[in-house]
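Worksheet: the structure to be examined is printed underneath.
Naming follows writing order (A, B, C, D and E), and every chain is counted from residue 1.
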Amino acid sequence: MIQLVWLVPVLPLAGFLINGLFRNSLSKGMTGIVGCGVLLASFILSLLIFGEVRHEGFQSVTVTLFDFISVDKLHIPFAFQVDQLSALFLLIITGVGFLIHLYSTAYMHEEEAPHYARYFSYLNLFVFSMLLLVLGANYVILFIGWEGVGLCSYLLIGYWFKNVDYTNAAKKAFIMNRIGDLGFLIAIFWMINQFGSVTFGEVFSAAQGAPVKVLTGITLLLFVGATGKSAQIPLYTWLPDAMAGPTPVSALIHAATMVTAGIYMIARSNILYSLAPLTQNVVAIIGLATALLAATIALKQNDIKKVLAYSTVSQLGYMFLGLGVGAYTGAVFHVMTHAFFKALLFLGAGSVIHAMGGEQDIRKMGGLRKHVGTTHWTFLVGCIAIAGIPPFSGFFSKDEILAGAFGKSPVYYAVGVFTALLTAFYMFRLYATTFLGNFRGTHEQEHHLHESPAAMTIPLVVLALLAAVAGFLGVPEAFAKDSHWLAHFLDPIFAHNATAEHAAEAGASQEWMLMGISVAVALIGVIAAWTRFSKKPDLAEPAGFGKVLANKWYVDELYDAIIVRPLYAISKFLNNFIERFIDWIVNGVGRLVQYGGRQLRLLQSGQVGGYVLLMVVGILVLFLVELFVKK
Amino acid sequence: MNAIIISAVWGIIMMFSGVFTSKGSVVRNTAVLGLVLLLVGNYLDLIGYHFFPVDVHKMLFFDEFGLLANTVIFGSTLIFVLLSGRDIENIAPRMPVAECFALVFFVLCGVSLVTTFNTLLMLFLGIEIISIPLYILTGSDKRNLKSNEASLKYFLMGCFSTGLMLLGIALLYGASPTGSFSIDELGIGRVNLSALYMAGLLLLLVAMGFKVSAAPFHFWTPDVYDGAPTVFTSFMATIVKAGIFIGFIRLFNETFGDSQSKWQLFVAIITATTLFIGNITAVFQQSVKRMLAYSSIAQAGFMLLALLSINGLARDGILLYAAAYSLATIGVFAILIKMKDYTFEGFNGLAKHHPLLAATCTIFLLSLAGIPLTAGFFAKYYMLASVVETGHYLWLVIFAVLCAAVSVYYYFRVIQAMYFKDGDAQTMELRPAFKGLLVVVAALIILLGVFPQLLLDKLNTLIYTW
Amino acid sequence: MALVGAILVVISKNPVHSVLWLIVVFMAISGHYILLNAQFLAIVNLIVYAGAIMVLFLFVFMLMNLNADTEPQKNKWLKIAGVVAGGSLLLVFVAALKNADMKNQLAVMNKGEIGLIHNLGMALFQDYVVPFEISSVLFLSAMVGVVVIGKKD
Amino acid sequence: MIPVLLIAIPLVGGLAGFFIKNDKSARSWSLLVSLAALAVSLWGLSVGAKSPLLNADAEWLPALGSRFAVGLDGMGQILCLLTAIAFPVIFIATWRDEYSKSWNFYALMLLSQAGLLGVFLAMDALLFYFFWELALIPVYFLCSQWGGEKRIQATFKFFIYTFVGSLLMLVGIIWLYAHTPDHSFSLKSFYALRSSINGTDQVWLFWLFFIAFAIKMPIWPLHTWQPDTYEQSPTATTMVLSGVMVKMGVFGVIRWLAPVLPLGTWAWGDTASGFCIASMIYASLVAMQQDDLKRLIAYSSIAHIGLMALAIFATTTTGMQGVMIQMFNHGINIIGMWIVVDLIERQMGTRKISELGGLAQKAPALAILLVIVALANVALPLTNAFVGEFLLFSGVYSSKVTEYNVVFTVVAALSIILSAIYTLNMIQKVFFGNTNALTEKAKDIKLNEKVVLAAIVVLIVVIGVYPKPVLNLTKETVDMILTKMDYKKI
Amino acid sequence: MPINYYIFLSLALFCIGVAGVLTRRNAIIIFMCVELMLNAVNLLLVAFSKMHQHALAAGNPGAGIDGQIFVFFIMVVAAAEVSVGLAIIVMMYRNTHSTDVNFLNRLKH
């Protein structure tokens, strides 16, 4: 079965090709069936594979398809690696992916058939790329998927290409990702130069003896790649803008899967990172800073998707914190739970927007609880999960990360907890403003309000269930010995450096205390938000510090001022001055020749006397050379 | 010897032909016949059959180099007469055609002297025999002030240069240990030169440089070429110039070959100046005819490279150059004669009205510019290669190459005018035979450009026997 | 005498005077020829140059009725430049040749037979017969030329 | 046999083409001839590397030591294939372009093909020079006759510029020739020279050659002819120029410069690399400012070529393999870009980015195909250019001949970002957004155009996914060149 | 007489001729100056001829005769030149009624 792993990505690829090539002839129904069908098939395959991987003592399997690049001593096979980590991600991607595809069939139903097919083909292509990313047995295949998901994100953000803002957002996403990718690429070149290989296993074993400096460099560069893809400081600004795409896309790409590619990559390279403590610290600090920054911004956003977007950035920061402190399992765990509840939240938001007829501003919502029942309670589940209230899944995964952070440094922990507070607060601000209170939209909108069709609510329900219970996959050891199934499962991947986690788990009482703090903090946040916004939503234009937050700390403007504009200024300068100057010189040589011609011509005065005189001068010169120079 | 005698005799025949007939075609055909005879006679010389066993007392020396050069020159003249002979009649009303042809033959006689001289006396006589008819041909358009002016300028400056040349010869004579003008005796064992000898050498260099229009002794060239009737400009710029060049090379090879290192620098200076002035000044010309005059200076600069590096390649190359340059220039001038307007604008749109004319003209110009696949490329190639072979004066090679690039500019101006600019270029009536011949010449240029060994094979054997 | 005459040729305003001074120069040169025992050349020089050619010049002057006034003054600077150039040419020549190892060479005066008509004639018609014949071509061409140019049309 | 056919078919076909005084038949004839050349090229691929059919050698100029020696090695194969593919593609794609006296146009195109193939096949320096110029001259006439408004000046500048370069090269060739012991122009004799020329001579010879090739590629600051020429040329010719002709420069460096003058290359490789990088970054930045599609692509081409040249001087197997495959890829991709530009210009009558917009609504097929080609242009994985650029950068990074390999890689790699910026900007402004009055009337592309573009896309993807055959093809050449470039072994 | 005297005398004459060519504008006088130059050369040749005769008389009684023959030919050529030259000048005069060379400036640049 594992040998058939190539089918998992190839099926969505086939879906992409079918939907893409025959988009003009396929009916919407057919498109939907193809688009979802391939995903379902992949999911089933993934399940089967997972079933095999789950067995005790499973060794990772590499499936080589063909030789991709083979030059000199460098061999880069087109190979897939199946192990615990990739199998887990396969499940998340195909599973959540399938649900979102299903959701999309209803959500996008108003599109014309060709565009509908285009949408599904992009979506399929995305899943294909994502699967390549997690299945790749070496960094280059990983990178192919890495850039592939970037491309699909670009295509999907700019799906409504008539809107210039949307295409701008798409462009921004692509370019910011590219900046990160550059770091990744250079890291790959470095690896090739240093280790002569990019295959995971070979790199990891070669890394054991490598100088720390080199490893620090490589890992830092890889991390630069991750900051791009996973929207960390300083490259996070594209993600909120990426909400321009259709909401299911935001759910799939910008919440559940693609943005976690960075986490996956670092988790995959955990051996390298463990050997480079400096990088680990950098990762942790950046992650923490991002988590905090994004959470503060989320406090003041009024666009339902923007709040979720910043929340995503913040949660991703959490995951990096986990990676940075060595809590790899925790990070991966959080990826999984986050995939569930964030996809749920996004799809719920989509359902809300669908109900509101495209309105995204939460100030114009309110009281939707009565109109969209299923959406409401699933959304609530998502909010609880993300806020970290037990026994919902977010609690377990977040707590594991916080525990890891505490083990590393209490400061990390303190900031993490504060962020958790903010998270709980803004999520419930969002919840309260949207679903509680009275409806504030137009009359027409109110009339239009309706619950979404089954194709949309079923995924919601499924995800809500998952978001609620998935946490039990990783119950802390403090509850019961060997209760952390996930840690156990991922042991083969992270076993080499499980020390950090185990250190944190050393004191069970301490862990109980930490859990207590975080639950308390989350509850404070929830209650504060609930009480503050359920009756009197925050409708006023923000002022003072709130305005800074609402304007996202002016980071976009800062980037514009220090990078974008100077870049264009330089480019303009080069085009208008340097280019002309070089051309002027080139033409100047020509003009000089012409000028010389015009001047020399004057020697030809037409007068014999002048001619003879010049001849005599010529003779004189020759004789003078003979007399004086040549000796 | 055959050639000298035939050309002299045929000159007289031409002179009298004018008395017996007034029909231009008869005169022309006689001239063509004479040229064919010349070629045959010269060929017989080459294979060792001489009509007249004349004892020349070592005044002349008929080696293969000179005779081959003669072949090239006579061949070019034949093409010249065939292409442009008819236009002599059109220079002025009641043009004395027969006399002009007679003068042409006398010039050829002079050229064959210059290519085979073995004593400075013969060189001097040869050059004078070339010059005097040319003064006249230049002024043959009597009513045209330009022609008058050109003639007088040419004459005065020509005499002046003759004076210089004679002074040079006199000094050489003074320096000669045996008191002889023979280039054999002058040349032997001269490695350390006396001041007298060196001064004579320099003056000869100057005088010969004047004749081949090397800067800064070139000033007559543009004016004379411009003022002279175009037919004769064509003749002067090609056949005569090539002939004198052969003599030039011969003189410096035979007489001063041993002391090459002493005078190379001067030749280099003159070459550089010539290339520079010729090319740069040509850029700004408005008249194609005058541009061609400057270009002929520039081409002379290239030929001087052969003088700089007298070696096997140079001797090979100068013949090829002479052939390539003459063919192309004769062709261009033949077309120019047919144009009503000699300025660049006059060529505007020629390709639309006379595609064949334009196409052949393009090939000629490409050859002059030295673009591969034309004879001009290999000509230039040989010049450059011969200098590189000496291992010195690489700066001159690069300089020459840059000048060649400049030359592309003005040659291509004509091509641009013909092909890419709108206008209606006025030409005179064109005969099919004329067109056919143009095509033949163009084909010849291409042929030499792809297989230069057709001409060079002969030379190659000669180099190894030299 | 030759030098003075030569200078006067150049500076005379009236062309006719120039011709006359030139004849003086030629005579002086002929005197040198005689001193050098080149009688034939001396005679030829007198007859051909001083006689025929100069008379030809004079005729042309008469024909054109030229006198001093008809020649406008040349640019002064150009004149100075011309003199300077000529002078420096002389200087350079002298500089170049003064080191020539000719100090002890003599041009024999009043001796030797080679300048005699007989000897010259023998050489001319034996060794130099080819150039002699060829010079006829030269004359022919000159003749044709003058006909072409001079013919009224 | 095969090389001779490759040269002879377009040459004879082109000459014959002058006499077909009929628009339609001239067009068909040229397509036929170019397809024949393609067939021969494919035949050449199929016979195997050792086949005697791949070489031909005949007496040409015995007096000069030059022979008509032509041969197909791996690099020759790949570039000949590119040339052979490019021309039919160009002919089909521009099938609907109208030219006055089109028979002359097509004949000149075929002649330039003959010249190009000759350049890639020549195993004799003089022959190489011959073809080098032969490729240039038809292009000069093509551009000046059928180009845009300012064509005459632009192409004249181009012509003189490249001519200066090639003349300098000629001086170098002659010098080398004069120093070969057997007085021969053959590639072998030239390669044998490298140990007998001392360092100083190698240095100035290096510059003579490099300037010639740098003008052709072009490398900053010798590039200014290129945007003007591309802009003014008829698009079919621009495709030849940018798709194939710029490769002549790269090819020249690999075959005639680096292995012949390893010491010179080594001594000044860093400086040359500096120019290459400057050219990449500079061109990318300038491209961001362009409003004319043709100029934009022209600058983008400069940037891409700069990378290839950079990788040559890195002297690594990976880099060199990258150059080989990228020469092919770049040719394919940029021809694809030009086809799109041509389609747009023919329909809209403008190439100004600012005047276009919203084409994706009206011409979805065109938009999709362009996006794929453009993505290949920015070297997205699974397109052919990714393989090329990956190898190129990797090669530069692992270079052993320079101390600045990391700096070079990092700075050069910035162009990846810049290329994404200008390419996406272009796509966005041309295809996305709302239609305007001009683009309102746009129609989607016709079948022939769809077919060629699709063919290009297929090539892009196939090579992007499975580049191995191409890499294998050039393996031996690369090894040989690198052995010759090893300055330590001298 | 030492040969140097003759050399310098001839050179002086020659240079006066050159200076004349440079300074005068009348075509005929320029032409006369050229004749002056030729005569200077003639004188020099004769002087050299006698020098050679003196130096080489022992081995070759006819030594030096070449120089004088050359002078003869120079005179021949000069005569031919004069005829042609005067014809040209006369032709010019017929058209322009001037012999001023500076009048000739239709051709320049």
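Basically, a contact is a pair of C-beta atoms (placed from the backbone, for glycine too) under 8 Å apart; a residue touches a chain by one contact, two chains touch by 3 or more.
This is a predicted model, so every value here is computed, not measured.
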item	value
Minimal step count in the chain contact network, subunit A to subunit C	1
Greatest separation from subunit A - chain, by CA centre	C
Chain whose average C-alpha position is farthest from subunit D's own	C
Chain whose averaged C-alpha position falls nearest the assembly-wide average	D
Inter-centroid spacing, subunit C versus subunit B (mean Cα positions, whole Å)	30
Inter-chain centre distance, subunit C versus subunit D - centres from mean C-alpha coordinates, in Å	70
Centroid spacing, where centroids are CA-atom means, of subunit C and subunit E in whole angstrom	5
Cα-centroid distance, subunit B relative to subunit E, in whole angstrom	26
Residues within subunit C bordering two or more other chains	74, 78, 81-82, 85-86, 89, 93, 96-98, 100, 102, 128, 131, 135, 138, 141-142, 145, 149
Set of subunit A residues in contact with two or more other chains	590, 601, 604, 606, 608-610, 612-613, 616-617, 619, 623, 626
Set of subunit E residues in contact with two or more other chains	3, 7, 14, 17-18, 21-23, 25, 30, 48-49, 51, 53, 55, 63-64, 66, 69, 73, 77, 80-81, 84, 88-89, 91, 101-102, 104, 106-109
Chain-chain contacts as defined at top	A-B, A-C, A-D, A-E, B-C, B-D, B-E, C-E
Partner subunit B, residues of subunit E touching it in the complex	3, 7, 10, 14, 17-18, 21, 27, 30-31, 34, 37-38, 40-41, 44-45, 48-49, 51-53, 55-56, 63-64, 66-67, 69-70, 73-74, 77, 80-81, 84-85, 88-89, 91-92, 95-96, 101, 104, 106-109
Subunit E to subunit C touching residues, read off their complex	1-4, 6-9, 11-26, 28-29, 32-33, 35-36, 39, 42-43, 46-51, 53-55, 57, 62-66, 68-69, 71-73, 75-84, 86-91, 93, 98-100, 102
Touch list for subunit A against partner subunit D, complex	66-72, 74, 78, 114, 140, 143-148, 151, 154, 158, 161-164, 167-168, 171, 174-175, 178-179, 181-182, 185-186, 188-190, 192-193, 567-568, 570-572, 574-576, 578-579, 582-583, 586-587, 590
Subunit A - residues contacting subunit B, complex	590, 593-594, 596-598, 600-601, 603-604, 606, 608, 610-612, 614-615, 617-619, 622-623, 625-626, 630
Interfacial residue positions of subunit E with respect to subunit A in the complex	18, 21-23, 25, 30, 101-102, 104-109
